[in-house]
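Each of the two complexes below includes subunit A, the first together with subunit B, the second together with subunit C.
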Partner chain A sequence: MKRNIINFLPLVIFLALVVSFATLLLRSEKIEMISKPIPTLTLDGLKTEDIKGPALINFFASWCTPCRAEHEVLMELSEKHNLPIYGIAYKDKKRDTDRYLKELGNPYKKIGRDEKGRAFIDWGLSGVPETFLIDSDNMIRYHHAGVLLEENMNATIMPLIQTLQSEGNK
Partner chain B sequence: MIPELGHFALILALLIALAQATLPFPEIKKRSAILLFVLNLAAFLSLMWAYIVTDLSVANVAENSHTLKPFVYKVAGVWGNHEGSMLLWSLMLSLFSMLVALSKVQPETFKTKILSIQGMLSTGFLAFILFTSNPFVRIGAPPVDGAGLNPVLQDPGLAIHPPLLYMGYVGFSVAFAFAIAGLLEGKLDKDWARAVKPWVLLAWSSLSAGIALGSWWAYYELGWGGWWFWDPVENASLMPWLLGTALLHSVIVLEKRDTLKRWVALLAILTFSLSMLGTFLVRSGVLTSVHAFAVDPMRGVFILGLLTLYTGGALAVYAWKAHTLESKAALSPLSRESSLIFNNLFMATACATVFIGTLYPLLMEALNAEQISVGPPYFTATFVPLMIPALLLMGIAPFIPWKKGNVNSLTPRLKLPILTTIGILLPLIWIMENNNGEETHPIGVWVGLAVALWLSISTITEWVQRTELKPERIKFLPLSSWGMSTAHLGIAVALFGMIGSTLWLQEKVALMKPGDVMEIGRYELKLEEVGGKFGPNYAADAAQIELKASGRKIDTLKPERRHYPVAQQGTTEAAIRKSWRDDVYVALGEQDSAKPEYWVIRAYVHPLVPYLWLGYVMIALGGFLALLGTRKKKA
Partner chain C sequence: MTSPLSFELFKITLKGAILLLLFIPLLAHAFVNPDEQLSDPALESRAREISKDIRCPVCESQNIDESDADVARDLRILIRERLTEGDSNKEIVEYLRIRYGDVILMNPPLNKTTTLLWLGPFIVLTFGGIGTFLFIRKAQT
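Presenting the complex of A and B:
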């Protein structure tokens, strides 16, 4: 019997996985949505015309543990910095979202329900939580994937928010 | 002194493993395998000693233990951390190698190759321990006391959970070595299958038991009110289990029909590869956070290197040698072997979905250096739909004969279980929908119940038809048959528990002060008081809750919130009242900061959850029964 190309397939796939994993670990760029207007939203509870920047748009879910971790940061932001936060609950049942917000507090000005995950795709998300900062023209100015930590806030987001808020006042 | 001896034993072990891997003399390989186990054991016991006497000059002990910790948890603390668990892993690897060396595996050249491969595995892992994760490192200035074991891990379930899990993971290394040796020899046939089957069964049963214990622990210790969270750590153990299940069934096909050779070889390689991925990624913290790579890049690179070397090497052998394995038997579409191939397809696909769902967030994290979770919706959408046809098939497959089945003879045998399932299901739906008032049950409940009913009824029917309920036939039924029926029925029983505890789950959270009453399902909970209490190494708030069912007092529940001052960590000790109908699960939450007499009380009623544990036990027991069956046949 001759060697069969198919038998090499597992090896090739495995090596491809290793190589892509290794390169991904070394590379850290990503196609961004920065400086683009926000995609249209037609969600139950939140439509494009409801949104008025400067504001944060935060994708979250009650089943998502990292979201819990950033919740306090969001609470503080909405209480102390007078910045509207629009929440989009990704693939979450209303009952669960309500309970989640009842337990941890509600930092959101309005909440859109993205049960089908449509907005998730339109906004080019890769998971929850993700957060967008938009300016007074509803243009995306900053995109953060993953948990908002205190240090991210202090280092990049807060200065940006202050710039945007002063721009908006002009 | 003793830790130094342990360290020295580990260095010797590395040399011996290298000898076992490379020296071309069969007799030396066998003796090395035995010596390797002894040295590993010496190193392991040295570390255990350091834990028992709490030798704080050993960094590993100082970081993970404490003089005040109960004795059992001092011992369990040995494998409750990265370095120690790697040592346990290495110990088990050498144990399996010694067992192979002492077994009657034939022919000699085949056995020699297996021992070489096991030697190579040991070499890599011992080098990993010695160069990046040495548990015997001393510290210059020992602290006054240790930093304590993670209090969440102070639990008997968890103390034996890792050893069982590792027994499973490492057990698959034997099948891995068998597969490579078989590929190299060009001999992967019925005899090969018969020889490898006990090892696969042992690994599979241990892994099943390990996963079950982990799930049990998450349920009653973590206080989250659930038993499976699609957490990367859990997924890491589920993946080898799924492929291991496929391997177990395809080995049977190979044994009976001398076919599926390449597939079996590939499965054996991949199952162990996923086991390695599971342990190392979890243990190194990479799965929970890519930052572990950054914290200790050497460790991460070493792990990636080992995985690439072993899996890549094995797949390379497969690529170059698989064409020498020929499967002659033609398969009829309606036969036991074909149904087992479908089982394999389902298991492998399910494993792939879990793989993607687990590694994709990890890749995303690598991209963004942030944590993201795809969450249960992904798994509900991908994994569950795959399991429904797989479970339906599982009920049919045992009825289909080997080689060639016949629709005409199959239909009458299936008539009874099908009609019984429908006969129970329809009235059940009718009764429950009518008793439920306004609320209707989600469709998932009925699909799940139908599958679970079908699987249990068909499994029992098959057993009845096989034995015809005659005592002498029951007596002489092979243990492997008992194993199959028990494990399959176990899946059905566990399924009832899963459906009840997820789809019928009732849950309430309330702010309560002493004297308040909460109603949940058929129960009433009255908070009597919340007081302080002290344990050996913790302080706790303890609540007393009176539990009433249909107006009668049946129990007093005492959930606690413990605080471990040394570890600066808290745990939730939920109180559970178990019954065969449902579990009442009460956890004490935080004290209200504004009104200190109020406490957050979370209560759940989990219907049918005991059947989940019973099912788990049956699954693992089924595996062990089949394992016993393979031993008995030889004698």
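Presenting the complex of A and C:
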């Protein structure tokens, strides 16, 4: 009996590694930018001094299909909660961005145009959409890669927003 | 000599496949466009050197020197701009590492989080070797 357990040990270790690597690879939270002040923005339409946290900063593009998927969530956030969302349109023509927001609604307080993709690199992005949550000192508190799903909102983003908003009122 | 035809066919296919695989490295050419290149050859060669150690954030298993992804191109241009402004190689790599973490380096440093990555294969080899040795010895007796 004891022998059997030892025989299966390599398999168990292997499966444990697969699970831990998969979780690390598939996680949507990125940690490198956390607790850093927001990088300087000098975009057409959005500069660093325009941003006042607590707020959400959302990189998107009209050509990006996953962005469509999270648009509903952003709309709801902007309508029901007192939290400004700043948008950064990544490599998107102004005409296309305008048409996109006309079709789906505009959740953004202000929109910056990252035509050269320089802000994208400066903020450590690897794709669109990606979203940052910043506090009242404009420090990054959360960095989400990929679509913001209803479940992400309920589990992580909303509780964090509440914390940040009560911090800001102090 | 009397091997069936299907086996011969298999051997030919296998040889062809191996030959084909040998040529794959030739496809891994640099993607640096002429319009991206710096006129100063010393700076350009430093840019190439840095680019070879920076992982493309969207393609992951390619460096930015060999990737034709949009982001890789933007990173190559950014590196060249910073070199022209007088940044050292180390400063440029550090700029990217702060934003993307050690993953951005093709050759990540050995530290707390990468220990398993670097030592894992040796650990597996050691335990696998011991296991195989014990198994064979047991099978012989």
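Everything below uses one rule, namely that the second predicted complex is superposed on the first by the 139 of 170 C-alpha atoms of A that agree within 3 Å, B and C clash if a C-alpha of one lies under 4 Å from a C-alpha of the other, contacts with A are read in each partner's own complex, and residues count from 1 in each chain.
Everything that follows uses one rule, which is that a residue touches a chain if its C-beta (ideal position, glycine included) is under 8 Å from a C-beta of that chain, and two chains touch if they have at least 3 such contacts.
Just so we're clear, the structure is a prediction, and the values are computed from it rather than from any experiment.
*Asks:* I'd like to know which partner A:G127 touches here: subunit B for first, subunit C for second, both or neither.
*Replies:* Both subunit B and subunit C are touched by A:G127.
*Asks:* For A:K116 in the superposed arrangement: first (subunit B), second (subunit C), both or neither?
*Replies:* Second partner only, subunit C.
*Asks:* Between subunit B and subunit C, whom does A:P37 touch in the aligned arrangement: first, second, both, or neither?
*Replies:* A:P37 sits against neither subunit B nor subunit C.
*Asks:* Kindly classify A:P159 by the partners it touches after superposition: subunit B alone (first), subunit C alone (second), both, or neither?
*Replies:* A:P159 contacts neither subunit B nor subunit C.
*Asks:* Which of the two partners, first being subunit B and second being subunit C, lies in contact with A:P10: first, second, both, or neither?
*Replies:* Both partners, subunit B and subunit C.
*Asks:* More subunit A residues touched by subunit B or by subunit C?
*Replies:* Of subunit B and subunit C, B contacts more residues of subunit A.
*Asks:* Let me test your reading of the model: by the given contact rule, A:V147 touches which partner, first (subunit B), second (subunit C), both or neither?
*Replies:* In the superposition, A:V147 contacts subunit B only.
*Asks:* Overlap of the subunit B and subunit C footprints on subunit A, residue-wise?
*Replies:* Correct list for subunit A: 10, 91, 117, 126-127.
*Asks:* In the complex formed with subunit A, which residues of subunit B make contact?
*Replies:* For subunit B paired with subunit A, touching residues are 262, 266, 269-270, 290, 293, 304, 307-308, 311-312, 315-316, 318-320, 322-324, 326, 361, 363-377, 509.
*Asks:* Using the touch definition up top, name the residues of subunit A that touch subunit B in the complex.
*Replies:* Touch list, subunit A to subunit B: 1-4, 7-8, 10-11, 14-15, 18, 21-22, 24-25, 27-28, 30, 61, 63-66, 91, 99, 103, 117, 126-130, 144-147.
*Asks:* Can you tell me which positions in subunit C touch subunit A when the two form their complex?
*Replies:* 57-58, 70-71, 74-75, 78, 96, 98-101, 127, 131
*Asks:* Which residues of subunit A touch subunit C in the complex?
*Replies:* 10, 31-33, 91, 116-118, 120-127
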